[in-house]
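Chain IDs A, B, C and D follow the sequence of writing; residue 1 opens each chain.
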Amino acid sequence: MDILHNAGMFFIILGLPFFLSGTVGLLRFPDIFTRLHALTKADNVGLGLIIFGLALQSDSWLMVARLFLIWLLVLIASSASCHLVARCAMQKKIQPWSRP
Amino acid sequence: MTNLLYSLGGVLLFTMGFFALIACSHPLRKILAVNVMSTGVFLILVASAYRPESAGNIDPLPHAMVLTGIVVSVSVTALALVLACRVQETSNLAFLKQQRNGSEESGE
Amino acid sequence: MSRIYIFFALILLAAIAAGMVRILRGPTAADRMMVAQLFGTCGVAILLLLAKGLDNMVLLDIALVFSLLAALATMTFVRRTWQGNDGEGADGYPS
Amino acid sequence: MTLIMLFDILLVATLLWLAWRLLATEDIFKAVVLFISFGLLMALAWVRMRAPDVALAEAALGAGLTGPLFLSALRRMERIRKEERRVDTDEDRDDDVKAGNKRKETI
């Protein structure tokens, strides 16, 4: 039990830098596609790590199922909206950033 | 203490919304301002019912009122948005008619 | 021991507060809308950590609703506001 | 105790800053996006006030329904304004006004 608790805490702490780097990427990256990339991928990996850590610490299987259901829903929703925004940006002929 | 903090936040939200309702002219901004005002009132109501974890259960009556208020404010917002669109459409036509009449008169 | 979860939630709230600068600065409309998506993901994480920290498992259901509805706002934006506005304004500004 | 207090203070400060920006910016679309973010943060505030039922309603209705409503209304108003501009620049203004009258009657 104690080992599981510590492992869960390790995964939660591992997940936090992904969220912070997602925010930093949103603020620092130069154009819409790179920002979308930073936001969607980094945040979902961070959320997955936090959910994995919390699932290791939870005491019932029902809780684990609910946690992973939340992660699945977030993955589907954010990938769908990311794809929509990126495709629409391509249709609007927004030029991707390239190194000057 | 938490109580007081959120009540103060609610009062400030209400004040800001009220000021913007008077000061701004765009109809959508007015609807946003009314929404912010209603959120401030809800915050004051719920904060008045708050008790810390150790003090036992919370009075559920303000929560029920706020729940009803949120639903009502959403429907009122929808009605106000439709009315704002209609007002702009109608005033747009009136503006065009007036402009046409004005240009004809000046043309003559 | 539950204080550390609230500390993590505080860090995530600070990340949200920092991300809001992009709403004010973002050049296109989609940049502003992406911040709402960031709010969705970070809000889910904050709710999960608070559910553990405050020991209130009802918050998991709110996290479920959060994850669904932040995406709904983004999709409505893309389909109704950004797309097909007669080709005027390639940057997506509702000018 | 102090940590959760810090959380509350940061949450209320962010809410107030968000409300100020959304009522003071020039661009109305920016205000709508700020309003969606405001609704999502408001749900967190309800959670902190120990009202999860209100938080559920706020997340579903306040952020999920009101935001798309505002976006749709914004687009409709933009379209009306664009028509006005097009009519404004057109030479044969009478036809468009007639079309506008006909549309008004059908509505």
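Rule of thumb we're sticking to: a contact is a pair of C-beta atoms (placed from the backbone, for glycine too) under 8 Å apart; a residue touches a chain by one contact, two chains touch by 3 or more.
This structure is a prediction, so every number in the text was calculated from the model and none was measured.
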Relative to chain D, chain with the most remote C-alpha centre: A
Interchain centroid distance [CA atoms averaged], chain A/chain B, Å: 33
Separation of mean Cα positions, chain C and chain B [Å, integer]: 22
Geometric centre distance via CA averages, chain D-chain C, whole Å: 15
Inter-chain centre distance, chain B versus chain D - centres from mean C-alpha coordinates, in Å: 10
Chain A residues counted as touching two or more neighbouring chains: none
Chain B residues counted as touching two or more neighbouring chains: 53
Touching two or more other chains - residue numbers and ranges from chain D: 4, 28, 72, 74
Arrangement of touching chains [line / ring / star / complete / other]: line
Which pairs of chains touch, using the document's own definition: A-C, B-D, C-D
Residue numbers on chain B that touch chain D, as the complex places them: 1-2, 5-6, 8-9, 12-13, 16-17, 19-20, 24, 26, 28-29, 31-33, 35-36, 39, 42-43, 46-47, 49-51, 53, 58, 63, 66-67, 70-71, 74, 77-78, 81-82, 84-85, 88-90, 92-93, 95-97, 99-100, 103
Complex contacts: residues of chain D adjacent to chain C: 3-4, 6-7, 10-11, 14, 17-18, 21, 25, 27-30, 33-34, 36-37, 40-41, 43-44, 47, 52, 55-56, 59-60, 63-64, 67-68, 71-72, 74-75, 78-79, 82
Touching residues (chain side chain C, partner chain D) in the complex: 3, 6-7, 9-10, 13-14, 16-17, 20, 23-24, 29, 32-33, 35-36, 39-40, 43, 46-47, 50, 56, 58-59, 61-62, 65-66, 68-70, 72-73, 76-77, 80-81, 85-86, 88, 93-94
Contact set on chain A toward chain C in their complex: 9, 12-13, 15-16, 19-20, 22-23, 26-27, 32, 35-36, 39-40, 43-44, 46-47, 50-51, 54, 57, 63, 66-67, 69-70, 73-74, 77-78, 80-82, 84-85, 88-89, 91-94
Residue numbers on chain C that touch chain A, as the complex places them: 4, 8, 11-12, 15-16, 18-19, 21-22, 28, 30-31, 33-35, 37-38, 40-42, 44-45, 48-49, 52, 57, 60, 63-64, 67-68, 70-71, 74-75, 78-79, 82-83, 90-92
